[in-house]
């Protein structure tokens, strides 16, 4: 039983396509683990390439995962043809990003015609133990189909 | 005339060392452009590796630059032997991260024994024009020397 | 079965006492509805005195309720003699604060020796229907007993 | 020379009218001290009615002042007939709100057709000395004239 009713029957295909069009996700090694209307889990393997001074994953990379989880979760509920952009997010860092694998789980808190608010949590799995390492609350914006085709211009005027 | 008086006479060397110990900064192509007590400018070249679905730089990468600028700015004012960690940050995205070069400028708003609050701005330079693309406000925490040596453990208990 | 184990056996009495020492809570008509280790619900009646231009409750008043709910939730888990102060919070406003009654529910996400992160939600009850109107994520700081007695000074140096 | 060009020639009158229509502002003792396109300063006297457990002004009240300063600053740049609502804000609390008088200064960072981002700072004047006590970054949303007349409904669908 879905908590949210998607407006776009093709929400799954278009959400995956949008995610995969982001080269940064591939570079960072982030992939979709689960995708439902208004709910997304992403997965990431540890990479030494993206560590900070203590060998843990950099907060910006954790934030990239959280932001994408929020964006795709919001996107699943938008009408066909919409574009999406992040308005703002806040990250609270709770524990070091130490682990072999990481998960980013986002849920839509309030979908809207223009603005959608999401929450997400980041987890690290270290030696088989999963701990909560960060939280995010963020606002995503839907661009109407006409705007979305002229995205750069539309965004510059948002 | 410095706006802030550093407590650590070696603040410059230790700040640069801490920055360079972050492998993620090298991978993302981010470097220090200017470093003064309580003020840091970082620079980043465009890389297609870190783009989102429209070919602009991913918000998480912009956030990584902003967060590091804040962290190093705060770190310049901490006592010798301190460790540093990010408590939280909020990013507002104002315009697409479209450009050949990017700059991240952070300033300490309020230094403190335990917590330091910073603000940062991200700029994109596109065809010679610089525009403001994002802002950050964030809180950084100093770990006392004893804690800093046992950083992972200390952080887990913060 | 409590999710969190309080360090202070008198957490309930001291939390209520701290709440009631806040004259702003009385002026705003906010009271404690439920208090458990790491979880607090506050209640508020509508008052025309605190409305904005459309007759709904002002966002600052909703934020005061959310912030207090977070503060008391965090405080229930702090050691005896601690002082508490709010480091930062972010509020997302989801719907107009229209109603006869309001509720603010906070939960500790991550307790810590120094910093505690909480999340809270505000609800309005309008004609018998409860809707989610705002969310908060915030960071609270424990002041050690010695610091707490010299609170103003301690805070100025935080 | 104004930094921003208002779209509404009557921006001053309509901004003051909107501010004064907020009964909460009167109850909290907050008034407009300065108003320019994209820039607003508000003033507040100390009142024991709005204090927390240490006799300082409650963070929610400081946030109400910061939020209103942002809202009015954004509103000065919106077209005639627009409505305005706050999307989100984050407050960092830097020092206790101890003083006889308080000031809230907001500036538009990025105006937009739909969303406007503002920053604000709160100051306390205590025994003749002014100190920075809090910062805010926030997002405001313009409602088109047609939406603004049906504000509650429009907001519920935002």
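Think of it as A, B, C and D in the order they're written, each chain with its own count starting at 1.
As a convention for this text, a contact is a pair of C-beta atoms (placed from the backbone, for glycine too) under 8 Å apart; a residue touches a chain by one contact, two chains touch by 3 or more.
What you see is a predicted model, and the numbers here were worked out from it, not measured in a lab.
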When you check each chain against chain C and chain D, which touch both of them?
A, B
For the two copies chain C and chain B, is the contact made of the same residues on each side, with over half of the numbers shared, or of different residues?
same
Chain A to chain B, mean C-alpha position gap in Å, rounds to 22
Need the CA-centroid distance for the pair chain A / chain D, whole Å please.
31
Can you check how far apart chain A and chain C are, centre to centre, with Cα atoms defining each centre and the answer in Å?
29
Two or more other chains are touched by the chain B residues 87-88, 90, 92, 95, 139
Residue numbers on chain B that touch chain D, as the complex places them
90, 92, 94-95, 109-110, 117, 119, 132, 135, 137, 139
Parts of chain B lying in touch with chain C, wherever the complex brings them together
87-88, 90, 112-115, 139, 141, 157-158
In the complex, chain D touches chain C at residues 18, 21-24, 27-28, 48-54, 56-61, 63-65, 67-68, 85-93, 95-96, 98, 151-152, 155-156
